[in-house]
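Shared chain: chain A. Partners: chain B in the first complex, chain C in the second.
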Partner chain A sequence: MSNQSFEEGKLMAVIGDEDTCVGFLLGGIGEINEQRQSNFMVVEKDTTAAQIDECFKRFVARDDIAIIMINQIYADMIRTTIDKHLLPVPTVLEIPSKQHAYDSSKDSILKRAQGILKPTGRRR
Partner chain B sequence: MSGKDRLPIFPSRGAQMLMKARLAGAQKGHGLLKKKADALQMRFRMILGKIIETKTVMGDVMKEAAFSLAEAKFTSGDINQVVLQNVTKAQIKIRTKKDNVAGVTLPVFESYQDGGDTYELAGLARGGQQLAKLKKNYQSAVKLLVELASLQTSFVTLDEVIKITNRRVNAIEHVIIPRIDRTLAYIISELDELEREEFYRLKKIQDKKREARAKADAKKAELLQQGIDVREQANILDEGDDDVLF
Partner chain C sequence: MTADDSKSEKNAAGQLLDSMYLDMFYLIEAHTQCRVDIERTNSSGAILLARTKFQQGGHSLTTAQIPTENSAEFNALCRVVEKAERVSIERHSVDKESGYVEPLHWFSVLPPMSLRTAVERFKKSIELVAESTNLQRELAKILNGIDRLRRSVAQ
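Up next is the complex of A and B:
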């Protein structure tokens, strides 16, 4: 981990299918640090939920990552882990993938938003 | 419950003043916290609206970006492996700034360009234009996502803070103020009790005195009847002396 990236410039991480990763890498967010750890994970057809889960946890634990983007279908596979992640940083963003349209009703944050809006509406 | 749950304090005037001051403080704090909660709530709703809006925009942007990826693949063949293998340094990085809402610091992300394009030479043989477009699309997607991320962080932070503030408001409203009220009521009742006792004591003393005087008068009258006039007899304790100095 270079000192500079440690101090101010934080990274975005991607967990997604090959096309999503390639797209974002071309967008210029990819980085491999001195330990040869990448900040993206390509999910193949035979990747298990446990592997995704493990990778997600690794990204959360790294303190040079500020935003984690994850395809919604893979987010669904590790929904409990994402729901458990309540800290503001790193932020978990669920993004649509090429094959699967975005379903806002599944999004962890929006689910929380629904839960919050109702009791606050009831208040007073 | 009522009358039981109160502050352990000795009922006195001083304590009453103290409690009154505390009550005023609690009410002031309650008002201020309520205002803070309202301000946060307002901001929160604004952010929520923006998040939902941005999420829908994100859907479109991502669709377009994915489409341009397909275009680029069509023209320049499979570039996936080349791209995945050639990762070195991040070109877009995130800077965090702080925003302040009613004393709550919200992290705001901001993306910035750091270093040159790693894939400058990708698509040199063919499909360069498509690739350039693809990069541009994904960069705008990244920008949008960064914006969304800061909204989401603010959302999570505010959510937490609002919960805490509401908890405090409710605690003051339903626990602290009633407790002080009860303490005040207790002090007042105790003070009243003391006052009544005092009053009763005074009355009693007056009664005793009156009784004693009546007795003395009766004795005097009796003596008078026996022929001894004690009315003009000076009491030794009565200093009936005028100034005899001159």
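Up next is the complex of A and C:
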């Protein structure tokens, strides 16, 4: 591994429940930088959609983050914001959580693909 | 442009669209499969985390042990490196002096085997996430291409 390519590499961020965050942090993705910004958010029972939305936008605005993982259940809470994010970087990945299985019909990218398959006249 | 030229151009565009649709279907299948693999790997890791909690007590693995913005700064052990439009994961070895700390030590000084195995599962999941990112970016590119081509054919 070259140190230079590692330093130039970007981070992964995670917005998820306790198990998802603990798991990925154990995997080594977590970081707290010099500005005291973390790249993870643990969603608790009392966390509001506005707080998730604000955190998501903060991660999107950071240029050192390449991938944002978000539990699909929380992505559903901020679906409008996620659907608006069409840039390839950071890539937003909707991942399943312990209690909620992955539902491909809710995934933003697959919804776009479904839209493409509709005849032109019927598309919005 | 003659009517024949226009017809052959439309045929070529139609063939290109067909091949792009095929690519799209292949990518959708691979993308969904990758998510299912992530789900399986994460579930397996979560079961091992639950086993660790059962063996060590409910408070052995909680968010209270995760560093916060008020904790000392530290660097991520794995980073996303992009080469030739593909992302991959590179790992840094643990080096406490340079800020590369071992995340296992937030939870336990002597981590049990179940926790160590859980870490391996989540490391595997991180690799799958990188693969899923590549597939998703490729799929987004194909969708943009189809959209552009369909619009130009419609004009």
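FYI, the second predicted complex is superposed on the first by the 109 of 124 C-alpha atoms of A that agree within 3 Å, B and C clash if a C-alpha of one lies under 4 Å from a C-alpha of the other, contacts with A are read in each partner's own complex, and residues count from 1 in each chain.
The working rule: a contact is a pair of C-beta atoms (placed from the backbone, for glycine too) under 8 Å apart; a residue touches a chain by one contact, two chains touch by 3 or more.
In this text, all values refer to a predicted model and were calculated from it rather than measured experimentally.
Peer 1: Are chain B and chain C a fit on chain A, or do they clash, once the structures share the same frame?
Peer 2: Clash - chain B and chain C, as placed by superposing on chain A, overlap.
Peer 1: Which partner does A:88 reach: the first (chain B), the second (chain C), both, or neither?
Peer 2: both
Peer 1: In the overlaid three-chain picture, which partner chain does A:34 touch, first (chain B) or second (chain C), both, or neither?
Peer 2: The answer is second: A:34 touches chain C but not chain B.
Peer 1: With the two complexes superposed on chain A, say which partner A:73 touches: chain B (first), chain C (second), both, or neither.
Peer 2: In the superposition, A:73 contacts neither chain B nor chain C.
Peer 1: Quick check on the superposed pair: does A:11 touch chain B, chain C, both, or neither? Answer first, second, both or neither.
Peer 2: After superposing on A, A:11 lies in contact with both chain B and chain C.
Peer 1: Among 2-10, 146-154 or 236-244, indicate the stretch of chain B whose C-alpha atoms run into chain C.
Peer 2: It is 146-154; the other listed stretches have no clashes.
Peer 1: Hey, what residues of chain A end up touching chain B and chain C alike?
Peer 2: Shared contact residues on chain A: 5, 8-12, 18-32, 38-40, 42, 66-67, 69, 86, 88, 91, 93, 95-96, 98, 101-102, 104, 107, 109-110, 112-113, 116, 120.
Peer 1: Tell me, which parts of chain A touch chain B in their complex?
Peer 2: Per the touch definition, chain A meets chain B at residues 5, 8-12, 18-32, 38-40, 42, 66-67, 69, 86-89, 91-93, 95-98, 101-102, 104, 107, 109-110, 112-113, 116-117, 120, 123.
Peer 1: Which of the residues in chain C end up touching chain A in this complex?
Peer 2: 24, 28, 31-32, 35-36, 38-39, 42-43, 45-46, 49, 61-63, 66-82, 87, 90-92, 103-104, 106-107, 115, 118-119, 121-123, 125-126, 129-130, 132-133, 136-137, 139-141, 143, 146-147, 150, 154
Peer 1: Looking at the complex, which residues from chain B come into contact with chain A?
Peer 2: Going by the criterion above, the answer is residues 41, 48, 51-52, 55-56, 58-59, 62-63, 65-66, 69, 79-80, 83-84, 87-96, 107, 109, 112, 114, 117-119, 122, 131, 134-135, 137-139, 141-142, 145-146, 148-150, 152-153, 155-157, 159-160, 166.
Peer 1: Taking the touch rule as given, give the residues of chain A at its contact with chain C in the complex, in rising order.
Peer 2: Interface residues on chain A, with respect to chain C: 1, 5-6, 8-12, 18-34, 36-40, 42, 44, 66-67, 69, 86, 88, 91, 93-96, 98, 101-102, 104, 107, 109-110, 112-113, 116, 120.
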